[in-house]
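Two complexes follow with chain A in common, the first pairing it with chain B and the second with chain C.
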Partner chain A sequence: MLTIQHINKAFQSHTVLDRVSVELPEGQVLAVLGRSGCGKTTLLKTIAGLLAPDAGSIKWAGESINEVPPREREMVYLFQEPLLFPHLSVFENIAYGLHVRKTPEAEVQNKVQSMLRELELQEHAQKKPGQLSGGQRQRVAFGRAIIFLPRVLLLDEPFASLDAQTRSAMQKLFLRLARKYGITALFVTHDVKEALLIGDCFAYMAAGQLTLYRSKAAFMDDPATGVQEELAFWNNIEHNIPTNDK
Partner chain B sequence: MTILEHRLSTRTKHGSGVYLRLLFLLLAAAPVAGGLLYGLAYSFGLTGALSSGFTLQHWQQVLASGVLLQSLAYSLYIAFAAITLATASSLFLSLYFQKSLRTGLLSYLLYLPLTIPAVVMGFLVFQLFTKSGLVSRMSYGLSWISELQQFPDLVHDSIGFGIILAHTLMAVPFLTLLFHAIYREQNLGQLQQVSENLGAGKVYFVRHIAVPMLLKTAAPNLLLYFIFILGAYEVPLLIGSQQHPMVSVLAVQKFQRFNLLDIPQGYAISVAFTLFVLLLLTISFKKLQRHA
Partner chain C sequence: MLRKSLTAILASAILLPFLFFAVLSVGQAWFYPSVMPQRFTLANWQQLWSGQSELQFGLVRSLILGLGVAILSTLLGFIISKEIALAKYKNRWLLLAYWPFVLSPVVLAILVQRFFLLTGMSGELIGVLLGQLILAFPFTVIFFQSFWSPEVLQLGQQSQTLGASAVYTLRYVLLPLAKPLLLICFFQTFLISWFEYGLTQFIGLGKVKTLTILVFKYVNEANIFHAALASLLIMLPPALLLWANKKFVFRGI
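Then we have the complex of A and B:
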């Protein structure tokens, strides 16, 4: 279980994380909803070890990992942009984490081929990132992050830059693979629908403070999350859009 | 816009493109091509003070003596050694001194050697590493050597230590700034975070991501700098070996001799070197394009 207790983080005098606490059981996906600038990215980077917290503790299975360097945490932060290594092929990008861990070559071949099939990228294996579409690049980044089964996957609005259709396909792919590999993940998004679709448990973040909900219903009922507003909009869609029939 | 107006405007654009290309040819390509043709004509005995009509004699003399091939091989060795050392040093600086290069003292100091002309750099290396130079006298002062003559030949030597050092010193600031710019432009800082996040240490990232990316992007510039060293004149003239002249020194030696019959050989050497460089450029750029 990932346990975060009272984490604080400030840049100069501006507090970005204000006593944030989270408990995330293994194999669960926590959807964190929040607007731009609420501290979501800082939270994920702090868990990944890319930023050091000013106070508070981060624990995995009861042991503090505050002092563990990012490369030893096994908590992969998936950036908003795919950030693939441009000189490596799709295959080599996905295999990167396995090569780092000195996995035997036969095992690398098997795992990467299997991941390519999952991602439906078999025919693009030897292509360079520059030859792929935005959605394909994001799929490669996703495959590269999960192939060595990290403890926690930290996703920072990974599908935000994709068009609606590709985004929907990526959400389904994420859900399928998350279930298959039992991925523990923090999925940050500003999209209510995406949060509801992806999450097993839910949180809302505003001005550096995180609110955890006991259930999906509690999350939906809280006016701050905007779920009710969104539902009301779609329920009254005919009244919301003016027509030119008159 | 009517169809006629559109056609007229397209024609005007097309016309100005042709004039620009002609201007480029006139200013950049024509002088080089003209010089090359004149050199060719001179080397074949078609022009010059003692010209006696078309002959292959000068080319035969140059090629038969083997001096051109020796000089070319020596120049290639010097250029390869200097560019390799400079590239390695610059990669080290740009990868391990990122902060100093961005805001520290190094960001200012690096520009200093760029202002030093090649002749001055050659003279500086001469002053430092000749048998009576500063390093030799310091070694004597520290009793590492019992007399100045014991100091090794580092200038005018056949392995070209002095030339390689001078060119390396001149290339390092330029290449460091180049690599630093590529590092930022290619977002290598963030890629390092990604790599670290996937479990890789700094050395693994440098070896598998940073160095290949920097070298691949800088390859055309490295090639051009290699050719610049290959054809360099002042430094090898000042501190190069008398027995092993680099190509440009060899050509100028032929031009400046009292024997006027040597001049066509000088042109033959120059033309052969130019053709070699053009061939090298063509093959290398084709290879680079294929791997782009």
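Then we have the complex of A and C:
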């Protein structure tokens, strides 16, 4: 289990994370909803070890990992834009984490081929990232992150730059892979629908403070999350559409 | 047709000086109004390869300085420019890198001369190497600033969270990405050293005779045949580097 207790982080005098606490059981996806600038990225980067917290602790299975460097945390941070290594092919990008861990070459070949099938990218294996579409690049980034089964996946609005159709396909793909590999993930988004679709548990973040909800219903009922507002909008649309029955 | 003519003019502009100096380097006794030297001999070239000649020492010194400055400044510039890109007061450090160029190399040479005198490095090869580094190193720091973009820094972070060490990230991500820039930087700093005159003369006290220093010396002595040979040698490595650069760096453009 990932346990975060009273994390604080400030840049100069501006507090970005204000006593943030989270408990995330293994195999669960925590959807964190929040507007731009609420501290979501800082939270993920702090968990990944790319930023040091000013106070508080981050624990995995009860042991503090505050002093553990990012490369030893086994917590992969996925940037908003799929940051693929531009000089490596799709195959080499996906194999990166396995090569880092000195996995035997035969095993690398098997795992990467299997992942390529999973991602439906077999015919693109030898292409460079520059030759792929945004959705394909994001799929490669996913494959690269989960192929060595990290402890936690930290996703920073990974579908924000995709069109609606690709976004929907990617959400389904993520859910399928998350279930298959039992992925533990913190999924940050500013999209209410995406949060509801992806999350097993839910949180809302505003001005550096994180609120965890006991259930999906509690998340939906809180006016701050905007779920009710979204529902009201769609209800309103539905009632205002003229029908041919009249 | 126009394109072919332009290419021919450009090729002539590059090749003619080589041809001119090559002819002069094997010439002997050239008197006005003759178009060509009276006699031709390989004596100057034989002297170059026979050892113990001033020109041979000059060539070796220039090569040591050029390679030393290029390797050290490229490596240091690559590392330090990353630290500056990550630094809190990035612009202040960059301003410091511009300092030698704002002062001009001549003023800089006067300012640092006392340091070289006190440390006994004046008139020594190591002193000239350090003196040239004062110019080449800030150049590389400024040069590599364009490489350390937020995206490249994020690629480094991505590699770390995927489990890679700093050395692994450097070897398999950063160096392959920076390879074209590293080659260009190496080439540029080699040329800075290769053609450097003012600082070399000032810190070297005229004792460290590089090829550039020798060209001026031979011209002052009106020794046109040695001056031609030295000029040819000066022009050769940059031409080779330019050819290699074009072949490897700009391949596919």
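Criterion: the second predicted complex is superposed on the first by the 237 of 246 C-alpha atoms of A that agree within 3 Å, B and C clash if a C-alpha of one lies under 4 Å from a C-alpha of the other, contacts with A are read in each partner's own complex, and residues count from 1 in each chain.
Keep in mind that, in the parts below, a contact is a pair of C-beta atoms (placed from the backbone, for glycine too) under 8 Å apart; a residue touches a chain by one contact, two chains touch by 3 or more.
Because the structure is a prediction, the values reported are computed rather than measured.
A.B. asks: Clash or fit: how do chain B and chain C relate after the overlay on chain A?
C.D. replies: Chain B/chain C on chain A - steric clash.
A.B. asks: So, A:Leu50: does it touch chain B (first), chain C (second), both, or neither?
C.D. replies: both
A.B. asks: By the touch definition at the top of the document, which applies to A:Leu197: first (chain B), second (chain C), both, or neither?
C.D. replies: Neither: A:Leu197 stays clear of chain B and chain C.
A.B. asks: Is A:Ala125 touching the first partner chain B, the second partner chain C, both, or neither of them?
C.D. replies: After superposition on chain A, A:Ala125 lies in contact with neither partner.
A.B. asks: Contacts for A:Ala206 in the overlay, against chain B (first) and chain C (second): which applies, first, second, both or neither?
C.D. replies: Once the two structures are laid over each other on A, A:Ala206 reaches no partner at all.
A.B. asks: State whether A:Val68 touches chain B only (first), chain C only (second), both chains, or neither.
C.D. replies: So A:Val68 meets neither chain B nor chain C here.
A.B. asks: Please report the chain A residues shared by its interface with chain B and its interface with chain C.
C.D. replies: Dual-contact residues (chain A): 48, 50, 69-72, 74-77, 79, 83, 85-87, 96-97, 99-101, 144-145, 148.
A.B. asks: Could you please specify the touching residues of chain B with respect to chain A in the complex?
C.D. replies: 186-187, 190-191, 193-201, 204, 208-209, 212-213, 216
A.B. asks: Under the stated contact criterion, what part of chain A meets chain B in this complex?
C.D. replies: The contact residues of chain A facing chain B are 48, 50, 69-72, 74-77, 79, 83, 85-87, 96-97, 99-101, 144-145, 148.
A.B. asks: In the complex formed with chain A, which residues of chain C make contact?
C.D. replies: These residues of chain C touch chain A: 151, 154-155, 157-165, 168, 172-173, 176-177.
A.B. asks: If we count contacts the way the header does, which residues on chain A are in touch with chain C in the complex?
C.D. replies: Those in contact with chain C are residues 48-50, 69-77, 79, 83, 85-87, 96-97, 99-101, 144-145, 148, 154.
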